[in-house]
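In the two complexes below, subunit A is the common chain; its partner is subunit B in one and subunit C in the other.
Showing the complex of A and B:
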């Protein structure tokens, strides 16, 4: 039994390891990413500081809270970009026929994509998120959460948020197998993800009607909920439950879509 | 090992209309047509056989491979590999098979070859000692070590294909499918590919199914041949069967300084010999059981004064296969 679990994990860890190695070998210009993120953060910081010159509190956020918010949102986003690539990858692999080499493996195409996100995500966590955290603390005054529990729950919530982003991307990918070009849909989704996750501005700042839309969508689980837990706002139990529900829904639905897709597949190329 | 019964695969594709008007019409009222890629194909492959699956472009070869490997689901009919239905029991079937696609690699583009092999080893649960054994076995036959440490993107097509074929051996599958593996390879690499496959077949009893239209592959490797044309199976047997059923033929060609004249040739050549003129070249085809080669050659040399070259060939597999296609039309 232990052996079985061992083998199960070993395979998946290896898939993640290879995607880590692949992005490592690809040589991204890390410095550019760090510099551009720094500049954007600086602008954001200046903007909000200016806004809060005439208000001490807005929509439940004081200056310290809003600054922490934008800093952490930026940190979370750096890893969330990874799962957003998956639908585009899948689309390309179907178009070129490359998917054929992956469909014959003893690990499902679904899982190959799932664990790919973790390998690549960890890479970006190490080379972008960690340096950015240090920079945020030194230059922008990022503060720690109020209690240790808050911190632990934040980490848990952020992880769940990542899994939700992966699940969402897999749901989208599940619709591709009919060989229509859905790349436009994916780009729109990336934008929705950016907007409704609270990355742009906190959801509390949305007009009421837009906020009620955002509350129904899973995107808030990726950025907004983890940050609210970090800041100690709101009903933590409720928010973690929402995340759990979304994880279950998204993983089930995406799994079903993939199984269905296998049956109706048309693979390009002779 | 492989059982195929009444396998049929059809697709619905867009039937696109021509021109700008047509494209607009297509947007509002798309039309579909059904393409029958495979029609009612049945055959068996026994363990340890090397099957050559031959067909012209678009005949349905790749579709068959995809159906056999479980990538596609049949429209009707049955496929079983070692008792498993590929499209239904993917995971279990995956351990039994390997597929090498001629123009696509399963290896990671930016990583060294051995990293991809490590991943394969892990995904297929291959024990480390078996893995090492396999690789040293391969090294005995081809000088493989220099390739192992190179990133895949730096390899030439031939080297990449070799690496892909080696990759397909790692988990010791019972059946290996190769979809046009030797396209674009030079003769030396082709030989290495052939050696690998023949040795694997002899030592491990691996069954091979190779789609190809390269006669060299077929002559060197395959003991059984299936011909596919427009989705239908038109021949299933051994190379010897082809010779026996479609008649072994002999071909003798003559080159002359003068042009061969139609009427004169007709008067010289016996009726049971087929002939063809291409200005200075005369080609004769006949059944060596019916016609004596020696006397035929002597007759021709005697009748035509300026023969400069003679070429005798037992009819090639290629010629016989063309003949089968023609007969079956």
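Showing the complex of A and C:
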């Protein structure tokens, strides 16, 4: 039994490893990514500093909390960018027909994409997120969470947020099999993710009706909830259970979409 | 002379559009999706002013004037001059500049006329929408309308001069990657009234990366806000001319430095 689980996991972890090694071959312009993230962060840092010149506290955020918020949001975003590429890859593989070689692999195409994200995620965490964390501490004064438990729970919640982002990307990829032109859907999804995840502005600043829309969507699990845990706000148990529910829903739905797609492709295959 | 250039430009443009039209996609849908993708800053400003009445002395409508001007100038620049960003890669490293140098028209003109980036028109439209909405709430005279049009042209010229200088760096330091986009991110600062920022940022955005000359300083005049550095609003055309001259000199120095590729 243990042996079986071991073999099962080894296969999947190997996929992640390969996807990690694959990207090592590309030269990514780390410096330019870091510089542009620095500029974007500097802009929101200066904006919020200006806003808090006349207000000491807004919607339960003081200046220190809001600065931590934008810094953590950009850190989380730098790793969350990886799963966002999956739908683009899938649509490319369908168009070029590369998908055929992926379908005959011993691991399903769904799982291939799922584990691929982890390899890439770890890579981007090492080359972008870690340097960004150092930059945030030196230039913008990122501070640690109040208690050790908050920190541990934040790491857990951020990991779950990553899985949710993977799930969202897989759901989106699942729809690609049904329609051909997805460019518009990608753009709207990217915008929704930017707005409702809390990257644009903390959700507490939203007008009531928009906030209730955000509460119903999974996007806030990726950025807003981990940060709220980091800052020690709100009901931690509640937020983590919401994340768990979304993980289950998204993985089930995406799995179903992919299963349907396989059937359709058999029909078209011929 | 100018008439000849206009004729050539429209010839180039119609050729380009013919090429583009052969890949027709559902244009209207893509267009609306594009707009949605680009209104995030506008949303940020609106949501923010829902929470605070005033930002460093600027109300929502006044901020929208700055935002609208900045977006329109940048959008127009990106629409008509976006081929400049390939100067380092296509024209210098791949040697396409050779082809343009033997033409009887200015090579700079040839580069610009090669492409119209129709995606950026959405940016112009969003900016225009924000500007009109904001100005509907401000008292405005006919002279100021002329001033707005004038400052839009002036703003586009500033973007053009600045990015020509930036891209000319490729004549001396070859690189496939244009650093233009890093500076484009700096232009996001100019979508806000820069008086709210710290003085180093204000200085950089006025004298080194002069994007605020296209948005903040005209807005100060249009709205009649007597804040510091008011005089710059009146001399923006002079600064623009200086930047244009500088760009012209650097471009010609660069052309002299250019030594084709191999064979």
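List of remarks:
The rule is simple: the second predicted complex is superposed on the first by the 264 of 270 C-alpha atoms of A that agree within 3 Å, B and C clash if a C-alpha of one lies under 4 Å from a C-alpha of the other, contacts with A are read in each partner's own complex, and residues count from 1 in each chain.
Convention: a contact is a pair of C-beta atoms (placed from the backbone, for glycine too) under 8 Å apart; a residue touches a chain by one contact, two chains touch by 3 or more.
If you're wondering where the values come from, they're calculated on a predicted model, not measured in any experiment.
With the two structures aligned on subunit A, subunit B fits next to subunit C without clashing. Of the two partner chains placed around the shared chain by superposition, subunit B is the only one that A:97 touches, whereas subunit C remains out of contact. Legend: residue contacts after superposition of the two complexes on their common chain; A:263 is shown touching subunit B, with no touch to subunit C. In the superposition on chain A, contact of A:190 is made with subunit C only, not with subunit B. In the superposition on chain A, contact of A:18 is made with subunit B only, not with subunit C.
For the pair subunit B and subunit C, the model built by superposing on chain A gives 10 Å as the shortest CA-CA distance. Considering their complex, residues 25-26, 29-30, 33-34, 36-37, 40, 43-44, 47-48, 50-52, 54-56, 177, 179, 181-182, 185-186, 188-189, 192, 196-198, 201 of subunit C touch subunit A.
Residues 11, 57-58, 61-63, 66, 69-73, 87, 90-91, 94-95, 97-99, 101, 103-106, 108-111, 115-116, 118-119, 122-125, 151 of subunit B are the ones touching subunit A in the complex. Looking at the complex, you find that subunit A touches subunit C at residues 29, 32, 35-36, 39-40, 43, 46-47, 49-51, 53-55, 58-59, 181, 183-184, 187-188, 190-191, 194-195, 200-201, 205-207, 210. Residues of subunit A touching subunit B in their complex: 7, 10-11, 14-15, 18, 21-22, 25-26, 96-98, 100-108, 262-267, 269-270.
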